[in-house]
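One chain, chain A, links the two complexes that follow: it is found with chain B in the first and with chain C in the second.
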Partner chain A sequence: MTLDELIVSRRSVRQYNEKKVERDKIESLVNAAIWAPTAGNLQLLHFVVVRDKGVIEKVKLFSPGMPKTAPCVIAICADLEEARLRGGEFAEKNTPVDSAFAAQNILLKAHQIRLGACVVKSYNKKSIGRILKLPGAMMVLMLITVGYYDKRPKAPARKSLSEVLHYENWESEMKQDE
Partner chain B sequence: MTLDELIVSRRSVRQYNEKKVERDKIESLVNAAIWAPTAGNLQLLHFVVVRDKGVIEKVKLFSPGMPKTAPCVIAICADLEEARLRGGEFAEKNTPVDSAFAAQNILLKAHQIRLGACVVKSYNKKSIGRILKLPGAMMVLMLITVGYYDKRPKAPARKSLSEVLHYENWESEMKQDE
Partner chain C sequence: MNRDCQARIFTFLLTSARGCVDEPPLYGPLRLLEAYSLLLGMLKSDETDEFYYKLNEKIEALKDRCMEDEGEFIEGLDRVLEELTGHIIDEY
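On to the complex of A and B.
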């Protein structure tokens, strides 16, 4: 698939089958994440990958946003105290945003290798941190469920370009031509 | 290029040449952004694309993080009051994060069509909002400079997988095998 095809045909997949996600697949996902840009190139993100069913059930208990089942959960984490120490307020504020750059690479790579994935933003940070035994100020910034799936969800409609693209400024959009 | 090649060979490009970024290229960038996931599928992001040199100079005055010159600046914006109204605190908090999912698609698509791009997170929100004539509670979440370039920057070193990838939990990483 071309990049455009990958981008457009990617879906948030929330229903997975039982097949285990292989270690080499996980490594290719996290490798894609590593190459996303980070604020000040600080590279503070860590990736805790959970495949143990018992641990996933525990994570699910504290994650109302999680799909019913998932064979694999990737927790993107960072130490925001380290962020502040190394890059000041700027890094502390932007490192959580960095997790989304990394996540989008994971979503595209997952789709390319026929894995489904879904971002989970609704979870209890402290509880998940404890379950994953995160040290000190390391905290979960985002969860991504990953797994194989039998049925690809339909695409939710997207706004058209003309609804969201503005040239030069908000008001002059109708005057623009090439 | 394969997705892996695109992801790994993308750079933050901060030096551009004078060539204008064509409208169809801009549309392909914003179209890639539209297909990124958004919190609650609310699709609140707008994209204000500036190519006017005078406006870009004004934006630069209030953006210490911006490269010296850029033939094109994409401002990713959203109305966070609308976010709160439609999706509560969850959407208000996560819509800024959505801008990074969209931005990563823009960065990858730019690289694929041989454009350089760089995310700018350090800027004066109010001033840039005024320059772009944003209405009401619409605000700038991220700037991306875009342009053609003569020289591709070298890759900054990345951490290795083993430094950032942990299995099951933070402490058990050394025990994992397949």
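On to the complex of A and C.
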């Protein structure tokens, strides 16, 4: 698939089958995440991969937005106090943005290797932090469920370019002759 | 209801209650639908009205619509509630 095809055909997959996600595939996802841009090149993100059913069940208990049957969960974590120490308020504010860049790389890489994935933001940070035994001020910025799937979700509607694209300033219209 | 089920439903409800403070408004109904399915799964089938299982199939299909099409999601909610109303009127 070309990059354009990958971007357009990726879906948030919320139903997975039982097949286990192989370690080399998980590592290829995290490797993709490592290469995402980070504010000030601070590279503060850590990735806790959970495959143990018991731990996933516990994570799920405190994550109302999590799909029912996730065989693998990647928790993107960072220590925002460390971010502030190393990069000031700028880094503290932008580390969650970095986690989104990393997440998009994971989602696209997963799609490329025929895995489904879905970002989960509805979870209790403190509870998940305790379950994953995160040290100090390390916290979960995002959860991503990963797994094989049988049925690909259909595409939700997307806005058209003309609804969102503005050239030069807000009031301009798209030029047809370019 | 056994202790495992108690942990599931109470944790889900309380985590959802806290989550709904910050989350998009439409997540509230979604969490309530999820609680319906969770609770139903905990009931003994021979003691439970079959109607609620049939309704749950429609609710399961509805959950995905929440993210894909808000209008359809709300219409679907109205439809399941209409069905439930009919059932309650007929049965009680």
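Worth pointing out:
Just so we're on the same page, the second predicted complex is superposed on the first by the 173 of 178 C-alpha atoms of A that agree within 3 Å, B and C clash if a C-alpha of one lies under 4 Å from a C-alpha of the other, contacts with A are read in each partner's own complex, and residues count from 1 in each chain.
What we mean here is this: a residue touches a chain if its C-beta (ideal position, glycine included) is under 8 Å from a C-beta of that chain, and two chains touch if they have at least 3 such contacts.
Because the structure is a prediction, the values reported are computed rather than measured.
When the two structures are aligned on the shared chain, A:42 is found in touch with neither chain B nor chain C.
Contacts of A:63 after superposition: chain C is touched, whereas chain B is not reached.
Shared-chain residue A:137: touches no atom of chain B or chain C. When both complexes are overlaid on chain A, the residue A:127 reaches chain C alone and has no touch with chain B.
Look at A:97: by the touch rule set out above, it reaches chain B but stays clear of chain C. Of the two partner chains placed by superposition, chain B and chain C are both touched by A:156. More residues of chain A lie in contact with B than with the other chain of the pair chain B and chain C. When the two complexes are overlaid on their common chain A, residue A:12 makes contact with chain B and with chain C alike.
Judged by the touch definition given at the top, the superposed model places A:107 against chain B, while chain C stays out of reach. According to the touch criterion, the shared surface of chain A, contacted by chain B in one complex and chain C in the other, consists of residues 12, 121-122, 156. Listing the residues of chain B that touch chain A in their complex gives 3-4, 6-8, 10, 12, 22-23, 26-28, 30-32, 34-37, 39, 41, 43, 45-52, 55, 90, 94, 96-101, 103-105, 107-109, 112, 119, 121-122, 131-135, 138, 142, 156, 158-159, 161, 164-172, 178. Touching chain C in their complex are the following residues of chain A: 12, 14, 61-65, 121-124, 127, 153-154, 156-157. Residues of chain C that touch chain A in their complex: 7-8, 11-12, 15-16, 18-19, 23, 27, 31, 34, 64, 67-69.
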